[in-house]
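Below, subunit A partners subunit B and then partners subunit C, in two separate complexes.
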Partner chain A sequence: MTDLRYGELEQELRGTVREMLSAQSPPEQVLARCEGGDPYDPKLWRTLAAEMGLAGLAVPERYGGGGAGWREAAVVLEELGRAVAPVPYLGSAVVATAVLRAVDDRALLTDLAAGAATAALAAPFATAPGPPTDPTVRAAGDNLTGTVRGVADALHADVLLVPTGDGLFAVPADTPGVGRHPLVTLDLTRPLCDLSLAAAPGWRLAAGPESARAVAAGLTAGAALLASEQLGVAEWCLDTTVEYVRTRYQFARPVGSFQALKHRLADLWVEIAQARAVARHAAGCLATGDPDTPVATALAQAFCAPVAVHAAEECVQLHGGIGFTWEHPAHLYLKRAKSGAIGFGTADRHRATLATLVDLPG
Partner chain B sequence: MKTVVLVKQVPDSGAERRLRDADHTIERESADNLINEMDDYAIEEALRLQEAHGGEVTILTMGPTQAAESIRKALSMGPDQAVHVLDDALAGSCAVATSAVLAAALRTLSPDLVLSGAESTDGRVQAMPHMVAERLGIAALTGARKLTVGGDGTLTVERQTDEGYEVVTAATPAVVSVWDTINEPRYPSFKGIMAAKKKPVSVLSLADLGIDPGEVGTAGATSAVVSHQERPARSAGQKIIDQGDGGVKLVEFLASEKFV
Partner chain C sequence: MVAIPPPPPPRPADRPGPPIDPARVRQLVEQFLAGHDPAALAPREFLRARFDAGLAWVHYPVGLGGLAASRALQPVVDASFAAAGAPDNEPRRIGIGLGMAAPTIRAHGTDEQRRRFLRPLWTGEEIWCQLFSEPGAGSDLAALATRAVPDGDDWVVTGQKVWTSIAHQARWGLLLARTDPDLPKHQGLTYFICDLTAPGVEVRPLRQLTGEAEFNEVFLTGVRIPDRHRLGAVGQGWQVARTTLMNERVAIGGGAQPREGGLIGVLAQTWRERPELRTTGLHDAVLRLWVRAEAARLTAERLRQQLAAGEPGPEGSAAKLTFAQLNQEISSLELELVGADGLQYDDWRLRRPVLVDFAGRTPGYRYLRAKGNSIEGGTSEILRNIIADRVLGLPSEPRVDTDRPWKDLPR
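On to the complex of A and B.
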């Protein structure tokens, strides 16, 4: 049984990450970056990945990693969710790292751990873990051609990990033949892009079933840990709203003293407490390679995505007029929650997976 | 080079701070205690000097049991070890007594360089670096915005003043206090947080330092706080309704307060 509590080390890690994010990436700065057209914050990524050594948390120590694991990475993601930080942690330090761990690629893992490079799995952000779909990229020798739509954390990635019918390839993103086309997305803090490959040269990381296993490992890690990011989004929404209803006065009393608001927030608190348990369980299972990981992942994704959306909606609503303004960061959280609800498969899809996994009669 | 950084745990200056009614000392139990902000810059400067010139960095803290938390936090940034002066008799020590204790602890460490923040966010006296240097009979280069170490070990400091800066030099050993303009402190890395748990922290009592408990703490304080009261709540302002004479009334108000 996974221990759902946070250890002393995890608490210290959380404190450090939160302190850094509140100083280096407060919500108003995230909003200003989004308005500037490109939310990606390279300085923030350098601090997080290289200086604090957090990109390598799940990379083995022999490759220069932190020698920690997915539980610690999950704590970082909770804080990144709380800050809707526009950095490619989920795509590079989780999904791509899990793929590269599965194929044991020393060179790339070393670069990722050092924060010297980021990588992205060339799969649509909405791809759920599960039976592999037909790759949309084909390989002729080491040259790849095809299109992948709606890829997250790829716009600024240095290396693309591309699944093909002929195995898994690594392609440097600045290679001729690689096109990255930014999409107009609802979620401003996690930009997506379409990838087009026209005989782009790469090198093979794995072939056959090993390739499929590596991709599945990446998608499972992404789905399991996205739940922690969603938890962070939901927590920020609740905390910020509670603070607001305590200080916003109407009819000579704080609006939070009205039961209609109090009860909605209490319900949200309960949902978030449950979301924390399932997200921690998923991260714990992933960390120890527990055979229950597919169940824990499907459960976390089926549960946490709707909680994050609900929390963000309540945040917008209970803030009254100010919650609907562009200047208030609530909309960034609502949009992040909405995009996360599609990421790595929708809650419906994960419920269907869960039903099969736990032998519910159809 | 052997560097000791003086680190003080203080109540969060961003939160509300209170004094205890009984002895007029600051309420530490309920407050969120942090490393004094300016000391972070001193630690960073010590680590940069270590990276450039080698040597070792030691954290020196005097404070109650919960100061151990701040010591770990400081160690997670990268220093090698820490010394915690911990003794119940120290509670309520004045600046003069504190400087005696810190100086005694520094003598056991015999550092080449003592770094500290230029002031603490709770006391804001800015006297500790001078007092410690005086007791040790070494130079005090205070309020630094830049520190360089020459080949012969000479310290050169750009000393921040209201008008600009002064360049002062001294031979080691010396005390240097720094402002937040000197560098950008690092955040602890994950490996740093893990390593901090294994770093040695030696705890020294007054007996270890050969100091008579009667000379420190509330008993030995050279100054005493006799009373305190909370800042009065801000009262409602005076409203001036403009009936053609608003401007005149405003100027009258400013004149009554001697602003014009």
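On to the complex of A and C.
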């Protein structure tokens, strides 16, 4: 059975990351960045990736990585979710890293671990792990042509990892022939873009089944660890709401003393406690290559995504009027939670996956 | 100069476990088995000796059936005895004793009480029940009206208790009674150990909506309880009762629960075996419940791991709430899934089961019995209050009942 607790080092890591984020990226600042049009915070990423060395947590030590693993990366994601931090950790340090680990690409993993570059898998953010879909990019030799819609963490990436019918390619993002078209997104803090490739030159990382395996590894890692980000989102929403209803007075009482609210928050706390166990299980399975990983991953997305949405919706509702304003950061969490519930496949898709995996056919 | 005496050594129970590791407890079990052949000894003799060797509940103090070791070693001990074919104390049969009476006596009992009660409790020679709830005091337990009046070295108790599991087999009851009606309700209570064989105790079956009677009503009429069977100080009953109730709610078993271990397994099995029952809507509902049941299982497992590592979390208060909801929704869905078969029931006769047998009966029984899960041992509404107040730190509802004398409260 997976260890579902947090180890001492993981708790220390959490403390360090939380402290840095509250100093460098409080929610008001994230909102101000979103208003500026591009939320990406290069300085924050530099601190996280290069100075704290967290981009390489899941990169093997021989490539300059932390040699830690997915459990630790999951703890970082919890904190990034709690701060709705606009950095490409999930896309680069998790998904692209898992893809590159699967093809054992020394050069790119070394760059990623050092924080010298970020990479993104050129797949729509809504792609669920599972049987490969027809690639929308074709390769002629080493030149790639096609479009990929709604890609996360690609707008500022240095390298794109592009699945084609002819294998998996790496394409430098600033190459002529690569177009990145930012989208107006529901989630203000996780930018998406459409990619268009017009005979963009790249190099092949893997061919045939190895390519499909690498893409699947990336999507599985993304779906499994997105659950930890969702846990962090849900925790912020609960903590912030509890704090608010304790201090908000109506009818000469703190509104948090009304049983109608207390019971809703108690139920939410129970759900979040469960999401924590589920997310830890997914991260633990991924870390050890447990054969239960596909079930743990589908479970994580089927369970944690709706919990984050529920937490964010309760946060908005129980804040009353202030919760519906642009000024209050609750909406950043609502948008992150609802978009995340579509990212790597909806809960329904993951329940369908479970139906197959655990023999509950329709 | 006055010699300052050194501080007393901490009680074994307060000390972190000494360095007893799994290898060491296995060795202790082996040594014990070498001197006590389970095949040759009567089960009762064997269990008494096991208790005396400190191998009953290893986290208990030395001399009271334990080794003051880590609780995490208990599964190792139990597995070693099971592997040797040794008799166990049928823990499911004596759940109230093990889960509620023992921790309460351990925490609040005198040395004499601990020595008198814990051994036969653990061996199963003496069954325990809980005399808390009353017809007029359910969720509001502290409002209870059963009176205990001092008379010489005894207390004389009169009142009615209800929802008492296995009172008809029990030797002892954990009794909460009012000793001072002039005080506010929480302050006038005292905790006793009540002999169910004493004159004036009458136990009657209480038939429930499933048709059977797992529970009893217990009528106490002038029952004499010696003062040496008082647990904790006079007026401290509520504090002592909280120990009992905390342990009632943290009902986490020793081992890890397998996937599909609960009612969800019954539903999943029916789904697999009877494809003719499947519809699209039911499929989605089954999958949603499977996901929630698996999440609940992992949450219980996480809590188990935390307890084993000596870092209990507040998640225990949520476990019962979750399982009540799941049991009700799963059994409700199962009844719809089986369709026409769900119109039948197996047996309405008044029976007296000792254990709740969810799996062994029909979907109709499961549906009805699960209704009790959100009422027994603290309603789901009270559990939500507890989480909101104690875990989330939300402000209490304004109350009118805590500062007035109990006798002046409306009821």
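Everything below uses one rule, namely that the second predicted complex is superposed on the first by the 361 of 362 C-alpha atoms of A that agree within 3 Å, B and C clash if a C-alpha of one lies under 4 Å from a C-alpha of the other, contacts with A are read in each partner's own complex, and residues count from 1 in each chain.
The definition used in the following text is that a contact is a pair of C-beta atoms (placed from the backbone, for glycine too) under 8 Å apart; a residue touches a chain by one contact, two chains touch by 3 or more.
A quick note: this is a predicted structure, and the numbers were derived from the prediction, not measured.
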| Touching A:Gly69 in the superposition: subunit B (first), subunit C (second), both, neither? | neither
| query | Regarding the shared-chain residue A:Thr47, is it in contact with subunit B (first), subunit C (second), both, or neither? | reply | first
| query | Looking at the overlay, what does A:Pro201 touch: subunit B (first), subunit C (second), both, or neither? | reply | neither
| request: Check whether A:Pro60 is in contact with subunit B, with subunit C, with both or with neither, and answer first, second, both or neither. | output: neither
| field | Which superposed partner A:Pro132 touches (first subunit B, second subunit C, both, neither) | value | neither
| said: Just checking: does A:Glu19 make contact with subunit B only, subunit C only, both, or neither of them? Give me first, second, both or neither. | reply: first
| request: State whether A:Val270 touches subunit B only (first), subunit C only (second), both chains, or neither. | output: second
| query | Touching A:Pro172, do we find subunit B (first), subunit C (second), both, or neither? | reply | neither
| query | Can you list the subunit C residues touching subunit A in their complex? | reply | 256, 268, 271-272, 275, 278, 280, 283-284, 286-288, 290-292, 294-296, 298-299, 301-302, 305-306, 309, 311, 313, 315, 318, 321-322, 381, 383-385, 387-389, 391-398
| note | Touching subunit A in the complex, subunit B uses residues 76, 186-194, 197
| Residues of subunit A defined as touching subunit B within the complex | 9, 12-13, 16, 19-20, 47, 51-54, 57, 66, 68, 72
| Residues of subunit A touching subunit C in their complex? | 1, 3-5, 242, 245-246, 253-254, 256-259, 261-263, 265-267, 269-270, 273-278, 280-281, 299, 302-303, 348, 351-352, 354-355, 358-362
